[in-house]
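Please go over the structures that come below.
In what follows, chain A forms one complex with chain B and a second complex with chain C.
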Partner chain A sequence: MIREVWTILQKDLRLELRRSENFIAMFFFAFIILLIFSFALPSEGENHQLIAPGVYWVTFLLSGILGLSKNFALEKEMGCMEALLISPVSRGSIFLGKMLGTLIFMVLMQGILIPVFALIFYTPAIEFFWDLLMLSCATALGFSALGTLLSGLTTDVRFKEILLPILLFPLLIPLLLASVEVMASILAGQGIQGELDWLKLLIGFDFIFLIAAYLTFDFVMEL
Partner chain B sequence: MTPRLSTESLAKDFGYKRILKDVTFKLNPGDFTLLLGKNGAGKSTLLTLLSGLMHPSAGSIYFEGKAMASDPSELRKALGFIGHDPQVYGDLTAKENLLFHARLRGRKNPNALVADALERVGLAKFANAQVKNFSSGMFKRTGIARLMISEPRLLLLDEPYTGLDYKSVSFFNDYLTNFAQGGGTILMVSHQLDCCFEQASRIAILEKGRIDLEHAQSEFNYQELIDHYQRATE
Partner chain C sequence: MNLTRSLGLVSALSLAITAWLVFYWAPLEQAMGFVQKIMYIHVPSVLVCYLAFFLSFMASIGYLWKRKESYDIFAYASAEIGVVFCAITLITGSIWGRPTWNTYWTWDARLTTTLILFLVFVGYLLLRRFVVYSEQQARFAAVIAIIGFMDIPLIHQAVTWWRTLHQSSTMFSMKKGVIDDPLKWMLYVSMVAFYIFFAYLLAKRVELEKKERAFKRQLANLE
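Here is the complex of A and B:
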């Protein structure tokens, strides 16, 4: 199983590197959203600091969906999904390989986005870079698990670009709430454990959806 | 002898339309069956069902005596499939595409296997070229190389000759003949009778969702078959 997951992940990473325009487009999209929010929201006072975590995670969701919608499109382009599905590989391995590919790119994206966010929103994000990156890993895990499952589900559906966010965003609300609260705690200097209950919710969300997505991916692929 | 692949009253509906009705047949080890039929007869649908990519609306498929619905893993290990799409990643090179499949199937010494397969299909000098720049014939040859490294026991081939030049057809036919003589089973859909009539051991005609005729190739006269086929496709 590890060999299968690694082979799929390696292939996805190689493809993403060859199509680096996807990653660059995601980054610029995120950058533009942050800029628009910084212009649209009050630029001074306490409110600015209070809403900054919310802005960051909305940006994360909107740019992340761009990457997710490409996830299975690559497999569909020349019928590669057929070859993958008839190969002697468990559906769970396909899920894990693709989910890990998304996770790695999402975390890389956050690694670049955190300093940009600090500059635009005058937050002490660089000071707490590693705490924020750890939080990004946890958020990206839940996002990638649920996103890969739903991306697989909608891959053959008309208007999948619209359907995917409609299905995904409501389910991600608990993850988003927890990430906003924990990020606010980090930026206030209380560390990642400052909002322990929200952190537990975040980890619980990751755990539940990772297992649920792994177990149901077989069924989703049969649809 | 347990058939390699068999079906019982297989049927497939798309919406309210029944494309395949009561398809029952057996494919034994060593069989090279050519499946003919006019466009829309359900040939590609049948191959897709047999590959496990689609579920039948009714009936059963058995691989080496085991119902596929309960355990498709043995079929997946043994299956080689060429469909309408090239099934390659355009941004990967031919070598990377084949290495991916070899590693996915847990083949030992994948680099040597891939190099040998590329050499045999005449793509060795394009091994490091991204396949998005390949011609349709080169796509097909990459697909044939993928079959070689998969070491299958059953081949399901949908129009495999499309885009192949004379030399590649001849090479591919030699590969198929050796494969069948070695106990492999082939079910091929093709409209290019001149390419494969001699190689096939059995010929079946799918008409109105059913296997209409199924005989040993020797029982068919090539010209009569062409006439029958032309009438069926009119």
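Here is the complex of A and C:
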């Protein structure tokens, strides 16, 4: 099974690397959202530490959804989806491969986004780079688990661009709340364990939906 | 006389009796006064809404397991009625909140959970609309209902930590004196009336959906 997951992951990553415009587009989209936030919110001052977590995670959600909707779009060309489904690979492996692809993609993206965020929005954030990146891994895991399931589900649906966020965002609210709280504690200098209960909730969310999405993916991907 | 029609008559009768009792029999609550009577709509509605979503969740699992269309119809009908009662709960809650809490809306844990629940199931109904009717629609909707329902405890936990103001549930509290006896009995009566009404709506909606699908099949056969 690990080999199957690896094959799918490799295929996705290779495709992404070859056509890097997706990554670049996502990054610039995130950059523009940060820019808009900087213009729309009052500049500098004490307030920025309070609103920084919110701004960061909203940017994450909005740019992440862009990456998700691309997730299965690649497979639609030339009947790739059918080929993938009739290949002797379990649905669970397809899910894990796709999910890991999104996860790696999101974490890389965060690795670039955190310095940019520090540069144009909240300078002290760069001091906590590793803590924030670790938190991002945890958030991106839950996000990509549910996101992969739902983007698989909405691939063939009309108005999928609007339906995906409508379905996904309400479900992600616990994840978002937990990430905001943990990030606030990191920025306050208490480290990633400053809000231990929230961190537990975040990790619990990751595991519950990783398992739930893994199990229900079978039903989404029937031929 | 068939079951649905007799259910309809019973529910009309019990709702009428409840309305009469609420205004002529139930005593005025001392602290809140006349406004408190909205409780007899608010609390039963939210209970009906929880039951409806729970039934939808169970029927969705049943559908994915047994693949019987009747389960799918049941899940759909139940979710739809649940959304209506959820909206009633939110609206009556705001009307009640204005005189007692001095605000229409507040970010209290239970209010927020109910609102998110509402959004999740509105997403569910939208998905039903956007996917052309088929066995695929049934599968997708079932997955959303299951994932959405599983999210409720997490959402609730998250928003509880986030903030809390709502009075704790009075009805099931074992302590004496939290709620007066006549008020409690009145609440039970209106609950029963609402559940009967719910059963009627559900039976009617299931009947309607079955007819609609049979009709659509006939149309498809003609073409």
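Keep this in mind: the second predicted complex is superposed on the first by the 221 of 223 C-alpha atoms of A that agree within 3 Å, B and C clash if a C-alpha of one lies under 4 Å from a C-alpha of the other, contacts with A are read in each partner's own complex, and residues count from 1 in each chain.
The working rule: a contact is a pair of C-beta atoms (placed from the backbone, for glycine too) under 8 Å apart; a residue touches a chain by one contact, two chains touch by 3 or more.
None of the values given here were measured: they were computed from a predicted structure.
In the superposition on chain A, A:79 contacts chain B only, with no contact to chain C.
Of the two partner chains, chain C is the only one that A:209 touches; chain B does not reach it.
Chain A is touched at more residues by one of its partners, and among chain B and chain C that partner is C. Residue contacts after overlaying the shared chain place A:201 against chain C, while chain B stays out of touching range. Once the two complexes are laid over each other on the shared chain, residue contacts for A:177 go to chain C alone; chain B is not touched.
When both complexes are overlaid on chain A, the residue A:4 reaches chain B alone and has no touch with chain C. Residues 222 of chain A lie in contact with chain B in one complex and with chain C in the other. Those residues of chain A lying in contact with chain C across their complex are 146, 149, 153, 156-159, 163, 166-167, 170-171, 173-174, 177-178, 181, 197-198, 201, 204-205, 208-209, 212-213, 216, 219-220, 222. Looking at the complex, you find that chain B touches chain A at residues 51-53, 55, 73, 76-77, 79, 81, 83-92, 96, 100-101, 103-106, 130, 146. Those residues of chain A that touch chain B in the complex are listed here as 3-4, 7-8, 11, 14-15, 18-19, 74, 77-80, 82-89, 222. On the side of chain C, the complex with chain A involves touching residues 64, 116, 119-120, 122-124, 126-127, 130-131, 136, 139-140, 142-144, 146-148, 150-151, 154-155, 157-159, 161-162.
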